[in-house]
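In the two assemblies presented below, subunit A is common to both, partnered first by subunit B and then by subunit C.
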Partner chain A sequence: MWQRRRSAAVRVWREFTRDRGGLVSLGVLGAVVLLAVLAPVLTDPAGLDVTRADGLPLRPPTWEYPLGTDVDGRSVLLLTLWGTRVSLLVGFAATVLSVLIGTVVGIAAAHLGGWVAAALLRFTDFFLALPSLVLAIALSSVLPRGSATIVLAIAVTSWPATARLVRAQALTVEGRPYIERAKALGGGHLHLVGRHVLPAVLPLVLANTTLVVGNSIIAESTLAFLGLGDPNAVSWGSMLQTALSSGAVSAGAWWYLLPPGLAIVVIVLSFTLVGRALETVLNPRLKGDRD
Partner chain B sequence: MTTSVDTAGPAGAGTRRAGTSTLRFLAGKVGAAAVSLAFVVVLGFLLFRMIPGDPVATMTRDRPTSPEQLARLRERLGVDEPMVRQFLDYAGGLLRGDLGTSYIYNRPVSAMIGERLWPTILLVGTATLLAAALGLWLGVRAAWRRGSTFDRAQTGIALTLWSVPQFWLGLLLLTATQGLFPSRGMRSPDIPPDLLGQALDVAHHLVLPCVTLLAVTYAQYMLVMRSSLLEEMGAEYLTTARAKGLRDDLVRARHAVPNALLPTVTLVFLQFGMVVSGTVTVETVFSWPGLGLLTYEALRGPDLPLLQGLFVVLAGAVILMNLVAEVLYRVLDPRVRAS
Partner chain C sequence: MRFTRFRRLRSVLALAAVPLLGTGLFVPQAHAQDGPTVLRVALVQEIDHLNPFTASFASSTMVGRFAWEFLTLPSAEDATPTGGLAESWSASEDKLTWTFRIRDGVRWSDREPVTAHDAAFTFNRIMTDPKAAEANGSYVTNFARVTAPDDRTLVIETEEPQASMTALDVPIVPEHVWSGIRDMAAPETDSIEVVGVGSGPFLITEYRRNEVVRMKANPDYWRGRAEIDELQFVKFENADAAVNALRNGEIDFVNRLTQAQFDTLRGEPNIATNQASGRRYRELLMNPGARNSAGQPIGDGHPALRDVRVRRAIAKAIDPETLVEKVLGGYGELPGGLVPPIYADHHYTPPADKKYTFDLAAANRELDAAGYRRGPDGVRAGPDGRKLRFRLTARASEDYGLRATDYIAGWLDRAGIEVVKNLVSDNEVDETTSSGHYDLALSGWGTNPDPDYILAKQTCAALPATSGSSSSNAFFCDRTYDRLYQRQATELDPRRRAELVRQAQARYYEQVPSLVLGYDNVLEAWRSDRFSDFTEQPEGRGQIMEQTGYWGFYGARPADAATGADVGLPAGAWVAIGAGALLLLAGGGTVLARRRTPAEDRE
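On to the complex of A and B.
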């Protein structure tokens, strides 16, 4: 059993490496996560403190400050590096929560059937139709400010897409003869879902997860840009908010604007490309459609 | 109705059956939309009245307020009434078009939303028309030359733009075009009041927000148009048309594109939710005086009655647009109607 799983994993990896865009993106993501984890070792967090910043405000890049300084004279390079931590952490946490809710609802809707499934489906469609940013704004404005609220707001607005996907995939599994056989042998709901439905759905959930991370990071930066993030943490969105509100944009301070924005684009694009590559490997129907 | 069936025979009976099934379809869709609207109303109440615990404390957390002011605000919002009573007041007000009173501006929320509606419709309408036109055109080109450099470049650009946060794109455009276009608002104060001058001034202000919104929304049209045309391209009627000696671009324009157009037309309405989200950030960046900027202003307070009104109106609009998309799809596509 384990040997079979391992050989399947090796096959997936071999096919994945054939997609050059996906492989490069995976490398980029690994490097960024490493930088984010090592930020406290590589740099001195004292540079983030407004009162202890030693640079001149809004200066273009120099040797001392390779990406220039912000309105408070802090190094933009340092801010961007530390922003990675908040953006990735919130993005990952929101994704885990969102995928968890989506998978549970999706499998329940496919497995239970009857009026429960109909109600769950109706509920999912309702949340899918709601304008997600407006709902996220509403949630983060009534709950206490902070990263936990942002995580919750993103998860509550992004789970329905996963739920639809998981339900569709689980339904195709539910109709197969081996499920009927397991049922006839007296397998309970937990056994059926845990041993048969979930393993068949998980690969697709994994591919979907990488796409959700990208969306979550954009959502995090958007909410932070609107001033709804943790006021004490530096994130890419909050840097861009300061850039607009402090007049750095109208002063043409491109060095303040480009690093956080490019960081978002690179990370999100990498997650999207990895997700697409995984999808192609795991979903044979897409083969030949994406070349 | 009965007489026409009697005289028309089997054909008439067929139309009648089609008629009742269309009616049942319409009733079902309208009913579902009504249930969704009711959900939105309840959710609006839950979010802004029940989750905050004490809405007055939430709204005044960042400013000094005297006990008398607090008491007056509590009374005006009715937060000390029982929850059921509060909900009935709120729902009854909604039915009469009363969305409550803004806490910061001290004005009826419905009047404020009414004022800000038109700038948003102008911005969203222009951007959507341009995005649909550009997306369809590029999508047709990409699908017809599938696998070509043009196709790959288009898909690459679309994926990249998909990864770009809208507000950042807006900020970049602002910095890159320093002074070429007005950076904020919808009108300049010193423009003569003649119609042409005013219109040109508004159009000048419209350029940057419109381009920003366009850049992030056209990709969806392009990708859907591309895949729906790719599906049509294997169809046999195209081979027939070619066998009859029709030129390649005529086959495309007269046969393939009209059939592939249907999913994209409904996309205009289905995408509305995403566009609404987009207006919040784009209007914030460019200070465009629409509903998105109003949301941002309400957020600063936070002005809970105003946010509540905006939430109900925006979510309600999205539900209506989805309904329009579903009905339109059936009206436009005879294949869906028959099945």
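On to the complex of A and C.
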């Protein structure tokens, strides 16, 4: 059994490496995550404290400050690096929560059927129809300010797509004969879902997750840009917000705006490419089209 | 549940649509050469009320100053009292009875004559109706009786001699319109039917919340009709948007610029700038134990801040010089007392031995000595074991709020005090600070040439009767201060009064219920190709917008040869717009309103 799993994993990896974009993106993501994790080791967090910043405000890039300085004389490079931590953390946390809700609702709707499914689906439709950014803004202005609120706001608004996807996949699995056999042999709900449906759905969930991360990071940056983020931590969105409100935009301080903006583009692009590559490998239908 | 959800959604959507409308609607008039001359002023601040009895934001009181004439008001030249509705005034021998002679022939915009009865009604309403006293109640607390023996005579009797009688910053409203209003706090009092009848240089003709306030020149204004035909206050969601609109000629006047914006605009063609001494102060409120007028504690302030030693240590751990230098970019003046240096007679500068000099070591020593020891995590805790962990409430809408909180958190962290930033909307700052639900908060007030108003806000008498009314500034209640305040209020000799005013501020400074952080310069810019001759107050060095009076825009004239030059955006702005657009597009393609807008303090 373990051997079979391992060989399956090796096969997946081999197919994944065939997608050049996905592979490069995975490398970029690995590097970014490593940098974010090692930020406290590599750099001195004291540089984030405006009262200890020693640079001149709004200076273009120099050797000392490779990406220039912000309005308070802090290194933009340092801010961008530390912003990675918040953006990734919130992105991942929101994704885990969102995918968890989506998967539970999706599988429950597919497996239980009947009025439960009807109720769950209407509930999903309701959230699907709500403009998610507006709902996220409303939520984060009502709840106390902080990272946890942002995570919740993003998760609550982004799960319906996952739920729909998982339900569709779970329905096809449920229709297969071996599920019927398992039922005939007396398998309970937990056994059916845990041993058969969930494992069959998981690869798709995994591919979907990488796509959701990208969206979550954008949502985080957007909310922070709109002034709803955690004021006690630097994130890419909050950097852009400060740049805008302090008039750095009018002053033409491009070095203050481009790093967080490009960082968002790069990281979201990477997640999307990895997600697509994974999807192609794991979803047999997409693979069939390709060959 | 579903219903409420929808309702909330709808209000959020409505909110989202507002800035699109607000900025979009007025673009077509950008180069209107013929037709009425419209002076379009960017408002980067919310309007709380148009009702002059409840309006307390600086933006709202400014609108009120254009719409309703005062009895007397500070002159444009040197801010000394000059006649408004009152053409002359005199005080009795004992200084307790003031008689104002109301100007003849002044009419409300609905053709009714303005009489002394209107003025008497206005003051009596503020004296008898607590809701009507919200904005200007401090002027009348000492009034005993206000009567109008005939149409042109107003008699005000006071309990004690009052020094600020010629500086009553109270808009006089028409009795025939306002006497029918039962509830001063009702939303209808902000409607055009009510606020549209005025006597000032401009009349309110349209008000759309968070979009625009339109005012037309009052043709019958007693000083003479204004040279411009219409005044529009167009709401902008942030100052950068307003600056770009100014460059493109979509609006004509912007104030409250940040230093970076001011520096950029200074070199632009067709744009003129004005750097003026400000009349408002910024402060860090430190909740000294908020109470209502009955003496019951309200709110949830941190108990350690009731200890004056903690407040003084915080004052020493904050460096106003850095804040003025870095956050205000040098466009500000260093702090002393509550009255800004523009009013030199009443400004208090602490002597060297009383001054809170920035010294983190001293702050740490004093907190140690007061029994607030550092815990293992570096955060101090009081003798009761409660950690010195303070919320710092500030406006998310303004640059100062965003950045000064960073500095304050950084300094206090080194003094062993943990700061949790709480950046919220203007209205929420207002609510939390006036109901006592804060530990530390960034705030500020505009001051008038007469210091009575701002000093009265710090007395025990100003403590709120009901939680949430914004009459008291810092919940300060101190006997020594109150005595000094009383003495200055009744002292009619200007020199002796100024001395008492400074002493009162010295007491406030020493007790630090709030620490003054500086006085912003007023940074304004306008289209010099479209308008000229704005009147500064005081002449030559003062501000144009948000004066204590209406001189600034009343004096404005269309520029002679309006050359509608095509003003493009610099490359940097395009890059920024691109980055912003990218983010927003990616985030769902919806441009959304921020509920918190750059705005400012109450007045």
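In this section, the second predicted complex is superposed on the first by the 287 of 291 C-alpha atoms of A that agree within 3 Å, B and C clash if a C-alpha of one lies under 4 Å from a C-alpha of the other, contacts with A are read in each partner's own complex, and residues count from 1 in each chain.
As a working rule, contacts are C-beta pairs under 8 Å (C-beta built on N, C-alpha and C of every residue); 3 or more make two chains touch, one makes a residue touch a chain.
Bear in mind that the values here come from a model prediction, so they are computed numbers and not experimental data.
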Task = Please indicate which partner A:25 is in contact with in the superposed arrangement: first for subunit B, second for subunit C, both, or neither.
result = neither
Request  = Have a look at where A:72 lands relative to subunit B and subunit C in the superposition and call it first, second, both or neither.
outcome  = second
Ask   = Given the touch rule stated above, what does A:139 touch, subunit B (first), subunit C (second), both, or neither?
value = first
Query = After superposition on the shared chain, which partner residues are touched by A:264: those of subunit B (first), subunit C (second), both, or neither?
reply = both
Request  = In the overlay, answer first, second, both or neither for which of subunit B and subunit C A:247 touches.
outcome  = second
Inquiry  = For A:231 in the superposed arrangement: first (subunit B), second (subunit C), both or neither?
reply    = second
Query = Should A:216 be classified as contacting the first partner (subunit B), the second (subunit C), both, or neither?
reply = neither
Inquiry  = One more residue to check, A:129. First (subunit B), second (subunit C), both or neither?
reply    = first
Task = Using the superposition described at the top, list the residues of subunit A that contact subunit B and also contact subunit C.
result = 130-135, 137-138, 141, 218, 221-222, 225-227, 237, 240, 243-244, 249-250, 252-254, 257-258, 261, 264-265, 268
Note = As the complex stands, subunit A meets subunit B at residues 122, 126, 129-135, 137-139, 141-143, 214, 218, 221-222, 225-228, 237, 240, 243-244, 249-250, 252-254, 257-258, 260-261, 264-265, 268-269, 272-273, 291
Ask   = Which residues, counting only subunit B, touch subunit A once they are in their complex?
value = 35-36, 39-40, 47-48, 51-52, 58, 147, 159-160, 162-168, 171-172, 174-175, 178, 183, 273-274, 276-277, 280-281, 284-285, 295-296, 299-300, 302, 304, 307, 310-311, 314-315, 318-319, 322
Request  = In the complex, go through subunit A and note every residue touching subunit C.
outcome  = 49-52, 57-58, 71-73, 130-135, 137-138, 141, 145, 218-219, 221-222, 225-227, 231-232, 237, 240-254, 257-258, 261, 264-265, 268
Inquiry  = Please output the residues of subunit C touching subunit A within their complex, sorted ascending.
reply    = 8-9, 12-13, 16, 238-240, 243-244, 257-261, 263-265, 319, 322, 326-327, 329, 396-399, 402-403, 405-407, 409-411, 413-414, 420-425, 570-573, 575-577, 579-580, 582-584, 586-588, 590, 592, 594-596, 598
